[in-house]
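Quick heads-up: structures coming right below.
Here come two complexes built around subunit A, the first alongside subunit B, the second alongside subunit C.
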Partner chain A sequence: MSLTLEDVRRVAHLARLNLAEDEAAAYVDQLASILDYFERLGAAPTADVPPTVHALALQDVLRDDVPAAGCGPDLALRNAPSADQGYFKVPKVLADGEA
Partner chain B sequence: MAELKTRLIVGMEIHVQVRTASKLFCACPVVYDAPPNSAVCPVCLGHPGTLPVMNRRAVEQAALVGLALNCTIAHFTKWDRKSYFYPDLPKNYQISQYDLPIARDGWFEFPDPNGAGSGASRDGASPSGLSRVRIRRAHLEEDAGKNLHDRGDGSLIDLNRAGTPLIEIVTEPDLHTPGACYAFAVELQRLMRHLGVSDGVMQRGQMRFEPNVNVAIECDGCEIRTPIAEIKNLNSFKAIRNAVEYEYGRQVAQWRGDPEYVIGRRPNENRGWNDARGLTEYQRPKEAAHDYRYFPDPDLAPATFDDAKLAAIRARLPELPAARVRRLAERFGLSAADAETIVDDRATADLFDESIRAGAPADVLARQVVNVWASLANEHGTTVAGLGVGAAAMAELAEMVRSGTVSATAAARIAAAMIPDADPAPTTVTPHVAAAEDRSPQALAAKLGLLQEKDADATQAWVDEAFRLNEQAVRDARSNPKKAKQAAGFLRGQVMKLSEGRADPALVGELIEKKLAEPT
Partner chain C sequence: MLTVFETAEGVRRGRVPAEDVMHDCLKRISAAAEIRAFLHVDAERSLAAARRIDEARSRGEALGPLCGVPIAVKDNLCTSFAPTTCGSAMLAGFSSLYDAEVVRRLERAGAIVVGKTNLDEFAMGSSTENSAFGPTRNPWDPKRVPGGSSGGSAAAVAARLVPAALGSDTGGSIRQPAALCGVTGLKPGYGRVSRFGLVAFGSSLDQVGPIATDARDAALLMNILAGPDARDSTTAPDAPPDYAAAIDAPIDGLSVGLPHEYFGEGLSAEVRAAVHGAIDVLRTLGARTKDITLPHTEYAAACYYLVAPAEASSNLARFDGLRYGRRAGGADLIEVYKASRGQGLGAEVKRRIMIGTHALSSGYYDAYYDKASRVRTLIRGDFERAFSEVDVIAGPVTPTTAFCLGEKASDPLAMYLSDVYTIPANLAGICGISVPCGFDARGLPIGLQLMGPVFGEARLLQTAHQFQLATDYHRGVPPAFLATEAAA
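On to the complex of A and B.
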């Protein structure tokens, strides 16, 4: 599996990781060897195997729509690095990010 | 430059807040306008070590929406993590659905003001002025929290909305006029309300429409398409129409100035609608789907729908609004606009049908619902059904007008007094009715002195009085051919006014005609 420095930078950006120049270079080889190892899975015969979408043989784990009180604002904000008037306070965000 | 042929292409993405009591993955209540971070817990705060558990009601409502949109419901559906970094999404991923959505491949019809077929691209017009939009998919995902910008040196985050259930609906690009986009949105809101899935109040963000707009341009025998712009921040139907209209013109103009402004050569982009300035503003390039690094959420089990489950959900489907409008129009001869006003609110439409079953004459009842009850509902800040007047009482009032027991004007005053907690005699000079007394229309008509006066002598006295007070109108009615009709109408109005709505309009007309014919 060939991986370029560009690939590593791109993946790092998507994960919001700041990599130094030498770190990025080192990860090119390390990630490539991990991916090579996974390539072995490609040799397994899977033509008759349905795709796995979940690690556990569970389905329909649902709860009834009954509300219950949460932890309350004081506890929620206790670990926040910064809070203001009951809100979490974070560094200014520019672009909008609606779901 | 050669004559351009352009065609607008719009696909719609819609987020609908599902009305549930609790959030999608935790039991925190779904609230609006509550103090910040008052409805949160470790799950929706995204703390490590917590596990989400899916809300059954939300899953069932999503399937119900899928069925109403004529979709195929997946027998097997799962949830995926969509990675993105934003402080109103504390897990750094949104739980959504990627390749196995609950619903896919459906269609939805709406009354199209631009003529049937202007919305549909596949099989064109459907009967009775409806256009069809294909539905690509509908899936269930979680909403993000709220981010308050412009608060001093930072952004403030309220996570009450984080983890509340959303249905995302994606259409195929089958809308081709701004008017069709508007009408589609109105009809979809009506559907969500009818299904009881959402209140659909756009100003509260309960329904959020995001049109994906581009333009096909035919020039010198070849066709190009402009890059797709996804428009954000639309919080009214009017904004949807105006933003699409603006974007249509903007993209054509931009292509005229830049021949490279073509899909694939210039990036697709997100734009925001600025309602005050009436234009869209560039926000950022649109990220490609693989940047979100979707993968199955290992903490959530897949959900299944077998035939029995689907049948149970299908049994909850009510008559859908478009079909209901058609039925009211065809069966009772209502105009489409009147039928739509009645069907707008499901409880009101149910009340209408119930009143008909209770014996109300359909034409009178429809006029009263649209003209009288709807404006009373408006005054009281509620719906017609929300006024608390029963079907039997509504039917009785409609029948009283049909039989001539009271006039339509008097009926409007009686209607106002029928509302529980209303002052029963707000505008009348007759002695007021005690609050606990009978609010049946018959009793109120008697108490308010509004029973129609069939007595010819009393009516004659009002006619004589009207003639005495309006000499000019009488002269015009008798001898000015140009004004005669209008003057006679004026006199009829004056008699009704003098009688405080009690005179029988037919008798009044008769007596006025007779008196005008008398020699002066």
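On to the complex of A and C.
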């Protein structure tokens, strides 16, 4: 399967990944050869075969709703790259006037 | 070095203080720094924990079944008392708020988590070369990889730095490094061991398990690790058996399936000969062998490298630089995500996120993810049919012995295909164990793989233990570490 630099850039954007020029170029051939390898699945007879999404057939696992102590804001913010007054601080989500 | 069994016995009976055990362990770890098995070692905490056990003993208190046993833990298992990096620059400096359930269980049983071991970034890899903190070296030959992704854990046990370690196995990440390092590694059936606090890679595939020098120690660890956990709703609700008690029974009459797909093209002559030799040993122990077929094996690698990256692309979306982990600057939120992930994640992790994103994206979902999920059903069916005929399945763990650092680094597909014999067990949710069964002409270890039905770990450990009673391969210590081993 042929893959273009454009395809790689599109997937990287969907995956929220910045790629350097040389990085993106290297992925073109690597991903193409991996996608080629996947082509062999086409020969597998799956017409009437249901998908497996989970190895175990466990369903509806229930437990009692018991209140327990939470970790509290100080601990929750321990690894925050940026925090302010008990909140995670992030860049502006909406442009001016968008709210 | 003492085994898990001998250490706990010695400490419990007062033959050796836990503090001495820990001192020796820490000495061996620092002497072996060049193999880079560990990313973090907490000497102070470990010694304090050992002293507490000695004090408890002197007060006549009851001691846990693993009292005083130093254990290394793969660094994708959360610890509140030590960094958890997953081998990624994204998580450099990250400090978990809680302990993984398996870490809690081990320490409640008296074991001491001495440090965190190196791994391929986010457990994605087969050589431990994908760690952002540098590769681990194989103790048998420092020019070679230890396997991966639990390469640090396998190397630490092989070099006899610790009696046992924890790994995680999504497509072979416990069994493959165990084979390449000459130690015993068990991937339990999916749901047998809690994944709470294991940083998720492929949630329908991941499983935590023990790496030890022999099957008896692995069984002792499984007695502590296995069983339901209310905080992991995918754990099986039934109580696990007593693994340590199950291993002593002889395997007379055991039926062992030999899948011809595992002995075909690509398997090196030396690995093939050693695995056949091991199967002969099982026969002399009373096992009956039967030729079987797992006809969809040829699709397993393609199936896995769609399913696992698809799950990974979703799981790793959480590393966005907002609440924890590396944050890079950017004009707006999307740019912050992209820059943080672009800088914080390594090449293989990005590659898999992109494969997974592509496989799940509109227009490709049916051809890739959905198709792979259906092929997965066929692979499960192969094993269901096989286990209606045989008790365990035997074959190689890896096509070759340990390869050289850098040998496969530029060819991701070649690296993926080194997992061809271990991937099917994860897709099917069954258990598998790697047992040392020989050495190649260079003196590099070879592993025998035994696979069992979903909760067949006791039978695997029993078979492995009986094999180890009849063989000495598991006693092999890398020559460079014989002196440290003898001094301990």
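A few notes on this one:
Methods note: the second predicted complex is superposed on the first by the 85 of 99 C-alpha atoms of A that agree within 3 Å, B and C clash if a C-alpha of one lies under 4 Å from a C-alpha of the other, contacts with A are read in each partner's own complex, and residues count from 1 in each chain.
Keep this in mind: contacts are C-beta pairs under 8 Å (C-beta built on N, C-alpha and C of every residue); 3 or more make two chains touch, one makes a residue touch a chain.
Since the structure is predicted, the reported quantities are computational estimates derived from the model, not experimental observations.
Within the superposed three-chain model, A:78 lies in touch with subunit C and out of touch with subunit B [touch as defined at top]. In the superposition on chain A, A:31 makes contact with subunit C only, not with subunit B.
The partner that reaches more residues of subunit A, of the two candidates subunit B and subunit C, is C. After overlaying the two complexes on the shared chain, residue contacts for A:59 are found with subunit B alone; subunit C is out of touch. In the overlay built on the shared chain, the residue A:87 is in contact with subunit B alone; subunit C does not reach it.
Of the two partner chains placed by the overlay, only subunit B lies in contact with A:68; subunit C stays clear of it. Comparing which residues of subunit A touch subunit B with which touch subunit C, the overlap comprises 14, 16, 53-56, 58, 61, 63, 71, 76, 82, 88, 90-93, 95. Residues of subunit C touching subunit A in their complex: 94-95, 97-98, 190-191, 204-205, 230, 233-234, 236-237, 296, 298-299, 301-303, 305-306, 313, 317, 320-327, 330, 332-334, 336-339, 341-343, 345, 347, 350-351, 353-355, 357-358, 361, 368, 370-378, 380, 412-413, 416, 427-429, 454. By the touch criterion given at the top, residues 8, 11-20, 23, 27, 30-31, 33-35, 37-38, 40-42, 44-46, 49-56, 58, 61, 63, 71, 75-76, 78-82, 88, 90-93, 95 of subunit A touch subunit C in their complex. Of all the residues in subunit A, the ones that touch subunit B in their complex are 14, 16, 53-56, 58-73, 76-77, 82, 84-93, 95-99. Within the complex formed with subunit A, the residues of subunit B that make contact are 15, 20-22, 26-30, 35-42, 44-45, 53-59, 76, 78, 83-89, 94, 96, 100, 141-144, 147-149, 151-159, 166, 208, 232-233, 272, 283-284, 291, 293, 296, 298, 300-304.
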